[in-house]
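Pasting the structures in now, so scroll down.
Shared chain: chain A. Partners: chain B in the first complex, chain C in the second.
Here is the complex of A and B:
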């Protein structure tokens, strides 16, 4: 599973197999100009490498959070897991058997079983429900797709149960999506995702489109459902306060690669990668307002790094460590050699030369509000 | 017009309810649209029940008498109260001929639009959803199709049908030839409209949610995308019924369309055209007026529908 030069992370239970496992998964999008333009202007083909050699394992009942800036490939990775996007390289395994990936042809029965056990909740509660369908039909769709022989009455009964489980009324199944608020629509999305009793729910920023007060309700519902059903979540977010609230393990993604992977406590207590430190420092803290010029004001590279620059063009990824142009700790090695994930103890893994060489101190914990 | 494609899906009732309420609202807002709708309902009713409304059966050749030919309208010298709009050169009662002719015109208009919608919506959905080479192929065929005028296609199909079919079958096939020709010229509009809507809709998350569940592409297109891309098609189709009736009239005027024994509005106008200069103006003016009123009513109702369904126009 892991590349040879990476220490295998310690499992909590050696018998515990990963529910979903990604092995060196990559995805490139062809963003070449049209054929005619390429021919006339001699423009080269261009590929956008959205996901670059990602290893990832999600165990049963575990909430894995995937954080990173917009455009870092986290949504693409989530879509690869549920089969919405085909990986250009690597393998996705479900319960040990290959499901998607280069050269993988899973049989229909495996696909059907895996699909029923991996569902997704989307970001935009206004686009994720078909406006012309009644809520009952929306929630019933996966149930009927999984078992066509099921009777109407039993489907309706299941829909009613699901709606009640997510805090809506059974009678709501006769209404249309536009009759609900954003938070209620997200509850409908959750009910649809739970309809086939999945083991994993992939959540692509499920609360970022909601009001803050509603966010908390939806997150509590998700935590509650996890408790009751032993769900695993792959939780995509750029809101670290939300991640702190819900995650068991946190993966930090930068330009298509995982740069830090740690249990939630370890990450928030002692973030190792300069990028993770930067993200944590960027969280607004009303109790400790930071002045804009704080940080690396003296230019020595010793101060706290700031999110000063923008994400580089993903079409033109820097050589070596993708983060070096923004990193206060970068040196000559960082500009040439791409770091791999190394174990720094307690299932905490970091891909950074500066950390490996001891040039970066762990970030001192600052409690996060929310 | 489009109910058949959706029958049985749970979204049908919702769509129809929405569409009805929008339509009703549009008519309430505009008096012009309301009048047009009433005229349209009366015209369609009169045409549909022509055999009860019309005093004579103009298709019954035995009832025709050349002695009754070229009788002027009732209020003119020589007019008879039994033929209040006069008769044509065969002695057919013009009022009856217009009612029966409108029935053919409407049938051809609606049938050709229905066929064009079926072809265009199906190809547009597939092109938009599949993308890539399938999309490129379908849309290039559409471009080629669009570069031929409708009349040319109709003349071509008519020519082929005349050469291929035996003499006896030709009059039966005439209506089918008309419908197919007009549909062949018009499906591109629907394909383009549906393709562009599909490109927008397929990126929306409800479609992705259906894919995650494992719903097959055909089912996604039929049950998720179709109801969401039909809005503009309904409006386009309404207005195109009028265009199709005009095309039918043009083709019948050119002699391609329906047989002489069963005149449509277009062929009545053509027959009358020969007598225009000899003073028998009613043969062409009355069917012409009927055609204008019918097409105008359909266009006005279609416009009102577009205004009602287009959120930007609100």
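Here is the complex of A and C:
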């Protein structure tokens, strides 16, 4: 259906200048008990640190994947990037100028320009499209919002072009979302995201709600659009196989912090952080058969200890390294001192004492060809 | 770990009666004058201790097949065909007998563990009550049994967690509790409908491994309904692939995954992103699963099939055993015509 890729997007050198840059970005949610309870029972205020001092840069034309389990803060981070959630600390810069963050007051023109060039696709194509609007109106809304003086005819023409670009028919603009399948709805979401000709599209689990054959259609479409328009993606996912397929660079997030960051090939050739290694071991990949009992760490005594336990309560984050209760390599230092991201070479950064001290061997996730 | 599965396979080979036999299972819905066929005459059996993976994409009819076996398809749905459990026909039982069967001889677990638990009772009470529904047990015996079950499904500190409420458990631990509830009646068949879909990948692996272990240790047959080939690959002994209400391919898990024969299964396998390859583009099957009432004539897959023949548009293919001597069967005219 699409021409074969001569040069795949990930082979092209992305522009070195950062398109979007996050500096020490944090977000705390106030989850305190109600005022009366606090007063009567002397219950303290409580804060949930969803994102904890994250640095992140996305260059033009680059696909950055953010992986982690539910509750690790990856969706909150995505929403901070597009301005749907305000950061409680740190700065978000677009094209070098501060956009959001504590003490940042960007002028209206900068905000308008930045918002038009950063769009978002959500996980659930059933919930993210207004069921009472025709597809044409859904896709036209951002076009009109960006330029109110635009004529109706020119908006309609643009909508038709966008629908054709995502593999739908121009005539589909008269239909309602319920007349489309899940995959087609996700195409409508993509058309809407592309309406303002963005430079960055933030995708929060865009294919998790889709069947695999439809997922392949949507991932291929996203790759084509990136190739044609030089789009950058911030791709949020829990599926490492999908990330391996689409990303240029991968960030692994755990309890609000980035614990490992590396170019795709480096990460899958030699995963360093024990958490990343654990995630790789857990990937249900039919083409990569492994011991059937690999995940049996459930008190039978004969299972591997790697997958022990689950994500801790984010309200009660362990001291030191947040991962230490689940980590086979944790020692006394891990229980008190929070590790910071350290460079281990080739733009590969890891926040782990055990890696720094050479107690963990790198894990090869992909068999070396030949 | 292989012993249990091999034993089960030997048992089937020796001709021991399988735990579950399904023949011509059909589920239809009357819609005005038309009749919509959601499950269209499927056959399969599962031996004791064996895990059969029923795979398919949304709308293939896989969940409905599971519901039909459980006797959970309500009017206006209509179930035809035969379902035999341990040599007894169960689809013809009256509603009260079916209800007794569920939970006792057939356990069931579903996608969302939270909706399967009562938020107002401790998990221990729920388990003990379930046990006392099935067996004549004194309260303290029921409690001991319940704690033992919680231990069996891998809940650490089972005795202490006995008196906790569902909201105090994480998603993965809740699904373990639900599995313990399903095991309470010592069922010979467990129907697991997308049991890992709502869970994180790391937890998925644990739950899948647990199901595999339970099948082996208890000699329980498991019907695992899922869309996730990865889950199937890690636990199923055999696979049945469904498309538009029909089984299009069956075989051992290793066979179907390594050497799929039906064009749909081939396309499905090729569309899965894998850590083991480095393709720039994924193979994709264009189009979508047909809607109920708009299932194409002949082979339901022919409009999306790259190798369809003229015959495929007219005649419906039947499952034919692998001519090369494998254990599988495929419903495809292409394979028959060479």
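The rule is simple: the second predicted complex is superposed on the first by the 329 of 370 C-alpha atoms of A that agree within 3 Å, B and C clash if a C-alpha of one lies under 4 Å from a C-alpha of the other, contacts with A are read in each partner's own complex, and residues count from 1 in each chain.
Keep this in mind: a residue touches a chain if its C-beta (ideal position, glycine included) is under 8 Å from a C-beta of that chain, and two chains touch if they have at least 3 such contacts.
What you see is a predicted model, and the numbers here were worked out from it, not measured in a lab.
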After superposition on the shared chain, which partner residues are touched by A:66: those of chain B (first), chain C (second), both, or neither?
-> neither
For A:141, select first, second, both or neither according to whether it touches chain B, chain C, the two together, or no partner.
-> first
A:99 contacts which: chain B (first), chain C (second), both, neither?
-> neither
Given the superposition on chain A, which partner contacts more residues in chain A: chain B or chain C?
-> C
Is A:244 contacted by the first partner chain B, the second partner chain C, both or neither?
-> second
In the superposed arrangement, which partner chain does A:132 touch: chain B (first), chain C (second), both, or neither?
-> first
Check whether A:213 is in contact with chain B, with chain C, with both or with neither, and answer first, second, both or neither.
-> second
In the superposed arrangement, does A:321 touch chain B (first), chain C (second), both or neither?
-> neither
Check whether A:123 is in contact with chain B, with chain C, with both or with neither, and answer first, second, both or neither.
-> first
What residues on chain B touch chain A, complex-wise?
-> 10-11, 14-15, 18, 204-206, 208-215, 224, 227-228
Could you pull out which chain A residues touch chain B in their complex?
-> 79, 82-84, 111-112, 115-116, 118-120, 122-124, 127-134, 137, 141-142, 145-146, 176, 189, 192, 196
Of chain A, residues touching chain C in the complex | 1-2, 4-5, 8, 10, 69-70, 181-184, 211-217, 219-220, 223, 238-242, 244-246, 268, 278-290, 292-300, 303, 307, 310-311, 365-367, 369
Residue ranges of chain C touching chain A (in the complex, touch as defined) | 1, 57-58, 151, 153-156, 170-173, 176, 200-206, 208-210, 212-213, 227-235, 257, 267-269, 271-286, 288-289
